[in-house]
Structures are given as C-alpha cells and as structure tokens.
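In the two complexes that follow, chain A is the common piece, with chain B as its partner first and chain C second.
This part shows the complex of A and B:
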C-alpha cells in the first residue's frame, strides 16, 4: 500500500517538474541560479548527487555479493532497482545543463566521425562514456537477477557480472570527481577528491537503501552501523577540507555528522521513524554539500533551482516505485528468498576469463582505431575510457552467454538483432547529425553586390580555398588538422557523381565545416571554381 | 473507500488543473520580440553600464616575454597584444571598437541586472581585461568537443559550430574572460551585424576575444595570393586601432620588427596573477624593466 501511495506522490511531483523542464529548456541556462563567475549551477550539483545515490544499489548488490556478505540478499533487489532509477534521473541533469542540449551527441567518442572532433583530454567525455556504460551494465545486472528467479541456472552468472560492476562503480565516481579535480579552481583541487567523492556517494546511498528497506518492512542493523562508520569517515574529509581550503559549513556538519550519531542511542534507534528521519537528514546534508561544492558563491536561487528537487525526487520515486510494484506483481515474494550461493560449481571460470580477454582486446582495438583517426590525442588520455569500454564488452558477453543457456536460440537472436537495429538507427542518426554550420540567411551576408565578372579563377582558389584544400587540391594537411576534420580528397569520379549544381550550392551556402561563401564569391565564380577543381583533380596522380 | 477515491481524484485533478493554468500564464519572457536595432548609442549605453560594475582586478605579476609556443615549435608567428598601463586611462573606447568589429550582442534586462555582459573586453579597476590567449590554455584541455582549440599562430581559438555549451572552459578559466550567450540575442532583437565578416553567435555558445582573427586571416590570404612570407605586419586589432592614447599594441611576438616587440623593449611585462604560469600572449606593460 505504502509503495503505491509513494508511486502516486512521485507521479504528482513529476507534474511541476515538467513545467520546470519546459521553463529551463526554453530559457536556457539563464533560468537557473548562476552568477557572473559561476558557470556551473544546480544541475551539475544534482547530477553528482543522484549519481552518488545510484552507486549504493551497486554497492549492496555487486560489491557485497563479491565480498560474500550474507545479509546483502535481503535488500539487493530493491537496491538494484534504485540504481537504475537514480541513474535515469542523474542522466537528465547534464543534458539540461548544456547550452545546446540537442548537440549532446558531439561527445560520442567516435574519432573525427562526421566532421566532429571529440577531445579525449576532457573529463566530460570520460564521464559521458563511463555513465552510459554504467547504465547498460546496471540494467544487465538487474536482468540477470530478475531472470534468475525464473531460471535458477542464471544465478551462476551474477558473480562474474558483479566482478565487472565492482571496479566500474569506483571508476565512474572517480571520473565524476575528476570533472572537478582536474580544473584550476582552487576549491576543487586535491588528489583526495576521488576517495572523498566515493565515500560521500556511498554514505548517501546507504542512507537511501536504509529508507528503502524500511519501506519493505525490514530492518538491517548493519546498515545503521555503516551509517555511523561513514559519518566519521566523512567527518575526516570535512576537517581536511577545512584545514587545507578553509571550507566550513555547519549545516552539513549538523545534518551529516551530528544527527547520525543519534544512532548510538539504543531506544531511539529502535523507532523506525527516527531511523528514516536520520537517513533523510544524511541525504539532505550530502545534497547540500554538492550544492556548496559546485557553487561556493551561493547566487540567488530561482524557481527552476527548487524545481530540480521536484524533478529528481519525482522522477526517482515514479521510476523506483513503479518498477517495484511491477516486480512485486510479477515475482511475488520470491525475490527476497532467492539464494545466491546454489550453483557455485557451475561457475564457468574459463569462459569468463575468455570474455575478459575479448573485452580487453576490444577496448585496445578501439583505442588504436581512435588514435589512428585522431593522431593528435595523447595516448594517456585514453586510459579513463579504457576500462569502461572493456567492462561494457565483457558484461555484454556474459549476459549473452547467460541468456543463451536458458532462452530459445531463435528468441535470443531476435533480441540481439533488435538491439543491433536500434543501435544502428542511433548510429545513423548521429552520422547524419544536425547542422554544424551557421544558419544565417545568406541575404544578411550578401551586403554588397558581387560583380558578375571574374577575377582569375586560380587567384580565387589560392586566396579563398587553398588554405584548407591546398594549392594543388591535395589538402593543406598541417593546417586542416589543427582546426577542422579533413575534407574529402578531390577526384574526378566524385565530381561527376555530385554534379555542378550541388557543388556550387556547397560553395555558396556551405556544408558541415565548409564555410558559406555567398557574398564573397559570385555564382559564376563558383561554377568556374568547380571547373578549376576538376582540372586539378585530373592532374592529380 | 469509494468516496475517498473520488475525493482524491477531485483534489488531484484540481491541483493538476491549477498547475496547468499556472503554466499557461503570461510570461514576459515570451512576449513578442522587439524590433532589432542597430543604433550604436544603445551599445554605448550598455558599455557605460558595464564599466560601472566594480570588478576586482587582482594582483599583477611580472612574467618573461612570450616566446615560441611549445606546442608549435616551428611556427614563425605568435600573435599577441601588450596594454600599456602607464598610458591607459580606462576610457572604454576599446570596448566599443571590439563590439562593432565582432558583432557582440547586447544582453536583456535580466542579464544586465546580474552584471553579465557579453563584452569581450572588461574594465576591471580601470584596466581592460580580455582573453590572454594562453600558450598552455586550461580551457582547451577541458573542452569536450574541441570547440576551444589552439591555433599555431598563438591564438586560443573558438569554433562556434562545435560548441555545445557545457561551459567547462568557463569554469576552468582562471581569468574569467569567457562569455556565455545566455540571451538569445537574435530572437530578442539585441544583436546587429556591424561587420559582415563575423558571424552572429547563437544562444548557448561560449565566446571570447578572438584577437580579431578575421583581420589576420584576410591579411594572410592576401599574402598567400601574392606568394609572400607572412608575419602579420601591419595588422591591428580593433581595440588597438581605436585606442585614443595608443596604449594597446598588437603584433607578432616572434618578429623582432613588429610594433609589439618594439613596444615591450625595456619595459616591465606583467600579467594577472591567476594566469601567471599559463604563458599568456596578451600582457600588460608597467614601468621600466
């Protein structure tokens, strides 16, 4: 009953968040609190917060499974669902944060694909890759867990997949912390940031799982002990921050450290409401900590900033409780009684090793391919995405192997084909992409009337085109590499297939990275340029 | 039970309806766009408004004269500027010239209230501050899409069509000279095309001082057409041209005959303390060395 009420509350909270989303997307980043020197605002803080909450699910299901902690199976299923819910919510925020959200796919590390350059030096690209992989693997993990209730032989695959997720979680949150630690902002610097972030993420996550397990009507004393332990661990970091940077925030200390200490008092700890309130105060403290971290100058909040709270809470509650209700109906209570240690013997060790090997070589191949396409990228910068890619391939192989044992082969191939088609569609969308030139109307640019007559065509070529396309038509590689992706090589067959009309349109109106020359080159000149290029192409060996 | 469900639905639909009405309210942000104006006095007024802000400059620290870039050791050009603080009186003419050269848009009232203007040159305690075009630029390192890239000529360039507005460069710029287009200036009629060679920027794109790259580019193309070696002699940035006291000098750091190299001879070269280790190309001159 309580789950259903909370699901409806979540749906209701989604209503104001739709308005907030609409407001934020129409008005852009100006709609939330940013002052003159803060370029990152509440969306980034909320992103870090929700991604931290997501880690808890993986911590309780994957890490404790690997470490053979017995009590984890009492909460692992709700925890896994909460990971997926929190990840979906977390993924919304960086997209809203972008100035031009529809261009988010520019960050796909494709290596000069479709005239896009992806800077592998930037932590944002690492972030993008790592979180996508994390989302995929969390879904795989949940699939295996859910599937194992129907087909008990799948249980053997939970542990190998947990071994993929365990390091991946640490990797993901390290990368999130590097978004900050790599910059030159004095308050964001410190080699301890990865551990600090991971500790904070787990602390808030444990509090969340405590609330979720109370809602399931279970009490786990170990969670309460962990909460106390982590509050002392974070106190150490907060003191460290104060000693090195002078950052001190008493609210965080009160809600994040002092209130959890109430758990030492036995009579208080026995009351479920008190436990939930303490967990909520911890979650609030860590949310406030992220806000303070991202925006130390505390600009005045707008309605949109408050709206993120509704968006996060509403989205999380709707997805989590929705999924929970569905899984309860489908699996009834078997979820909680499933044993994880039955088929330890059937654990296919050699195969798993093979999958890790394939994953490793796939990641290596990707790095090699990327570095051939974009030779300017320093190889060390590929390290942060190396492990996530390897984990993705390995995890995918494990899941396919697992389901190939229980599913009809035809169904399996059908599913794989479906996934392949969807991925292909996405790839096609990205390949086709949007406009990457300015959509200024040529009428504005053509301020002066061009004479229809002609300057010598080779002079135009040398002055306007040769800087990129090269004097002889063989690309000025050194220059182009620095600024743009390489344009196509000139060849006679390409000329004939494209035709004069479309080529002159490209010269006048531009295409992708080719600039528009209307107003600087007349139509007649464009046509003569095409003839000139054709002659260059003929001379080319 | 039936009754309570009906009550619940009533309350819920009332709340939803109320919120929907609230969402449909008339918002001044959605009022029809005013007509675009290219009246320069509007920009002059905004510059005055911007100069009234009291932005702290921070300390100036001495640095060595900028040399060849470690990234492009064979290049013969590295463009930059020197601003002579002994002569500069902070009149703000350079800002206007920059606005007219680079089609910098005005901002709407809300942004102006927050003090967020688009001007590429900012007066901080009477000192003009713009992007320093660092040789070791932190913005280029963190840009996810390669929109902020180094040019071999010593410029830290901005490729607008690549920019997705993650604002990472702005967060990582110690001198805070990058400007983000919060306002949709074209839709609100706040921009004008004074110079046909420079594109207008969309909302959601980062921009900053470009060292008047269009002027350099035109000169380079001319030199290429004529087949001469190009050192950028004779090119001047808009702010350098407009400065009534000739306090801003534009030139090529690697050309000993350029006006820039002449002007810094024997002078003390300074930069903002926050970027002292980043090898800036735009520097300040104070006193004798």
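This part shows the complex of A and C:
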C-alpha cells in the first residue's frame, strides 16, 4: 500500500517539474540562478547529488557481493532498482544544462567526425561515456538478478558481472570529481577529490538504502553502523578541506556528522522514525554540500532551481516505486529473499579471462582508432574512457553468455540483431547530423603537444590566454577579479626586465595563479606568444 | 617537504597498522577509528609539509593507503586479497590525484610509483604468505615505494 502511495506522490511531484522543464528548455541557462562565480548552477549540483545516490545499488549488490558480505542479499534487489532510478534522474540534469539536449550525441567520443572535435581531454566526455556504460551494466545486472528467479543457472553470472561493476562504480564518481578537480576555480581544485567524492556518494547512498529498507519494514543494523563509520570518514575530508582551502560549512557538519552520531544511542536507534530522520539528515547534508560546492557565490534562486528538487524527488519516487510495484507483481516477494545468493557453481576462470581480454583489446582498438584520427591527444588522457569501454564489452559478453544458456538461440539472435539495428540507426542519426556549421577549425580547439608550431599565434592567444588576459592584453577584469588577484598590466619595460626565458617558463610551468600550459602549448609557441604579448604591450595606450 | 618529514610520514603511516583490524570491534567503532587515523595524518601533513609541495593534497590519503597495505600483513585470512585491494586504493589516489594535478600545474603522473604499485599488486598473491620474512619484504617494498615517490621541492 505504502509503495503505491509513494508512487502516486512521485507522479504528483513530477507535474510542476514538467512546467519547470519547459521553462528551462525554452529560456536556457538564464532561467536558473547564475552569476560570474556560479556558472554551472543547480542542474549540475543536482546531477552530482543524484549520481552519488546511484552508487548505493551497486555498492550493496556488487561490491558487497564480491567481498562475500552475507547480509547484502537482504537489500540488494531494491538497491539495484534505486540505482537505475537515480541514474535516470541524474541523466536529466546535464541534458538540461547542455541547452540543446537534442544534440547530446555530440558528447560521443567520435574523434574529428563531421568536422566536429569531441575533446577527449574534457572530463565532460569521460562523464558521458562512464555514466552511459554504468547505466547499461546496471540494467544488465538487474536483468540477471531478476532472471535468476526463473532460471537459477543465471546466478553463477552475478559474481563475474559484479567484478566488472565494482571498479566501474568507483570510476564513475572519480570522473565526476575530475569535472571539478582539473578546473582553474580555486575552491574546486583538489587532488583528493576522487576519494572524497566516492566517500560522499557512498555515504548518501547508504542513507538512501536505509530509508528504502525502512519503508519496506526491514531493519538492517549494519547499515546504521556503516552510516556512523562513513560520517567519520567524511568528517576527516571536511576538516582537510578546511585545512587546505579554508572552506567550512557548519550546517553540513551538523546534519552530516553530528546528527548521525545519535545512532550510537541504543534507545534512539531502536525507533524506526529516528533512523529515517537521521538518514534524511545525511542526504540533506550531502545535497547541500553539492549546492555549496557548485554555487560558491550563492546567487538568488529562481523558481526553476526549486523545481529541480521536485523533478529529482518526483522522478526518483515515480521510477523507483513504479519499478518496485511491477517487480513485486511479477516475482512476488521472492525476489528479495530467494535468488540473491551466490551460486556454488563457479564461473570458469578461463572464460572470465577471455572476456576481460576481449574487453581490453576492444578498448585498446578504440583508443588506437581515436588517436589515429586525433593524434594530438596525449595517450594518458584516454585512460578515463579506456576502462568504461573495456567494462562495457566484458559485461556485454558475460550477459550474452548468461542468456545464451537460458534463451532459445533464435530469440537470442533476434535480440542481438534488434540491438544491432537500433545502434546502427543511432549511428546513422549521428552521421546525418544537424545543420550546424562550425567555423572554427578543429585544430584550434585540439589541445596538442607539438614539437613545432603551425598555429597562428593570435589564434593561440585568443583560445588560451584571452579569457583572463583579454583579447587586447588589457586583462579581462570582469572574469579575473572574481577569482584571482589581478596580475600586473603588461608593459614593454616589464617584458624586457623579465626576459623571454623566464616568461616562457611561466607560460609552460605556471606560477602563482597562472595555470601551466606545458603539453598544450609547445615551447616554440610560448616564445611566439611572448613576442605577441610584447606587440600588444607596445600598442597599449 | 624535507626528506626527514617524508620518512616520518612513512613511519607514522605504519604505526596504526597493527591495531586496525585487531579484536572483535563493532563496524561503527572501526569506521570511527579509521576516520580518526585519517584525521591524525591530516594534522601531521598540515603542520609538517608546506602547501606548496605538489602532492600536499593527497599525502594524508596516501598515508592512509599505506597504513591499510601494512595492516593487511596482520590479517589472519584473505591477506593477499586485501593487500591487492589496498594497493589498488593507493594506485587510485596516486593516479587520479596526479592526473588532476597534471591539468593544474602541468606535473606528469609519477610513473615509477605507479609501476611499482602495479608490480606490488601482481606480487601480492605470492608474497603475502604466512611466512614472516615475506611479510617483512612486503612492508619494506611499500616503504620503498613511499620513499622513492618523494620529490624534493
């Protein structure tokens, strides 16, 4: 009964979000709160939050499965559904943020395809690939889990697939953290962000699963213990953030650390409402943390910003409780108790090695193909997409192997053919493309490592330097002064006193607030840039 | 960061290792203990290392990873499995930490440290046996990785 009520509440919450969605798609980013310091806004904050929540399912089903934790079977199926629901909700926000959601396929790493350069050095592309693969494999995992009720032989495939998902789930949130960690915004710079983000995601995920299990009348004491354990881990990260950047947020500490400590008190811990309230407090703290991170200047919120809360909550509730109702009807309650164990029948190790080998080779082939098309991309920056692609191929082979055991060959080939046709149609859509004309040569956008320069120096200046230093060399004060102390104005005398060698070192290796450009600008180009700056200084009034 | 502080950090990281998994401690207490250990590492790095050191931000996490690696030598079962996981954790911190730094300060990842960790992951199932000599070798190998990763600035 309660599942049905929550499903309807979710649908009702989705109603206002339809209007918000329409408003946001019509007006674009102008419809939500933005200013000079907050240039991503609530869509990205909500995306990071929901993608974090999506970790819960895989954490409980895959990670704990490979670690042989017995109690995971009591919650794994609802947790897997919550992953799918949270992923679908999370995927909405970057699409809105794109402004032109119908062109989302431009994020596919195609490599100078139709004169469109998809920047493989950008974490946004890695994000797209990793999340798409995670969604596909999570659905496969859920299918095998559900299918194992009817076909017990499928249980043997859960563990090999869990081994694919285990690193992938950590990979996804690491990539999300790199969206922030590699930028020039001082408060986002953190080499410790990958682990910090993973911890935050798992913490919120555990709180979500605790709420979902309480709603179904189950109590898992281990979840409460995990909540306390992770609250201490997060405390360490919040203090480190304070030590390194001076960022401190009392309300996050209160809701995210102090409130969960109530779980130490046994009489309080025994009350289901208190447990749910504590878990909700954790979720609120981590949502607020993402908001504070993405929106450091706290611009005034519009109705659209509030609408995202309804969209996220309503969308999640509608998808999760809808799927839960359907699965309960199809499998009754057996799905939560019977088929979740690990089969005694072990999967042949040779075959696992073969699938991983094929996955590795496929990912390697893709990287080779991409780098032949765009030779300027440094190989190491292909690593973030390498593993998700390898995982996709390996996972797909395991799933095909699994269903080849239980399905009729004709049905299986029909299914595979259907998937092939859909993919082919999609490839055709990309090939046909839109009518956009790109004036800029892709070679300009490519971040290349060149022994010798072939790019005009003014183009490099405009693409690399002008955002801070200004097109005419008079500083882009509007942008710079928000984040950094203003650098000194360029003058001929200053150039002559510093010398070409030291200035080119500053360009290549960075200094104080100036970022390093080694690997993106060659030494020859750095020297040409100095000459160009000198010419601008001469022209300066 | 001075070489002395680097050595001290290595020793400090090994110090809590024998106590991490000792006794039948509830999960919540063990989690809190790990959090406090990480906090201690952070305080040490905060006071002992200048923020200008390029790896400053990830040093406490690296200390925790090393602590976890050494702690696996005191486990009674699944030693090799957890040694591999702990080294993967260390590798993760180093690779993605230096990866983000490569964008910001132009520093390339420390490939020697990464290669040594990969070798450690491969060797763990062989070396993490019950023989004390081999366990000592593993601890010495991890200390070696720590020391070699030091870059004087």
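The definition used in the following text is that the second predicted complex is superposed on the first by the 430 of 541 C-alpha atoms of A that agree within 3 Å, B and C clash if a C-alpha of one lies under 4 Å from a C-alpha of the other, contacts with A are read in each partner's own complex, and residues count from 1 in each chain.
Simple rule for what comes next: a residue touches a chain if its C-beta (ideal position, glycine included) is under 8 Å from a C-beta of that chain, and two chains touch if they have at least 3 such contacts.
All values derive from a computational prediction rather than experimental measurement.
Put simply, more of the residues of chain A are touched by B, taking chain B and chain C as the two choices.
Residue contacts after overlaying the shared chain place A:35 against chain B, while chain C stays out of touching range. Contacts of A:523 after superposition: neither chain B nor chain C is touched.
Within the superposed three-chain model, A:508 lies in touch with chain C and out of touch with chain B [touch as defined at top]. Of the two partner chains placed by the overlay, only chain C lies in contact with A:225; chain B stays clear of it. By the touch criterion defined above, A:401 lies against neither chain B nor chain C after alignment on the C-alpha atoms of chain A.
Applying the stated contact rule after C-alpha superposition, one finds that A:216 touches neither chain B nor chain C. Shared-chain residue A:233: touches chain C; no touch with chain B. Of the two partner chains placed by the overlay, only chain B lies in contact with A:124; chain C stays clear of it.
When the shared chain is aligned, chain C comes close enough to touch A:194, but chain B does not.
In the superposition on chain A, the residues of chain A contacted by chain B and by chain C overlap at 182, 184, 519. Of all residues in chain A, those touching chain C in their complex are 170, 174, 177-178, 181-182, 184, 189-195, 222, 224-226, 228-233, 235-236, 239-240, 243-244, 263-264, 380, 383, 508-510, 515-519. On chain B, the positions that touch chain A within their shared complex are 12, 15-16, 19, 22-23, 29-30, 110-111, 114-116, 138, 141-146, 149-152, 157, 159-168, 170-172, 174, 176, 180-184, 193, 196, 199-200, 202-206, 220-222, 224-225. Chain contact summary for the complex, chain A toward chain B: residues 12, 15-16, 19, 22, 26-30, 35-37, 39-40, 97-100, 103-104, 106-107, 116-119, 121-125, 128, 182-185, 436-438, 440, 444-445, 447, 459, 462-464, 466-467, 479, 482-483, 513, 519.
The part of chain C that touches chain A in the complex is made up of residues 26-28, 30-32, 34-36, 38-39, 42, 46, 51, 55-58, 60-61, 92-93, 95-109.
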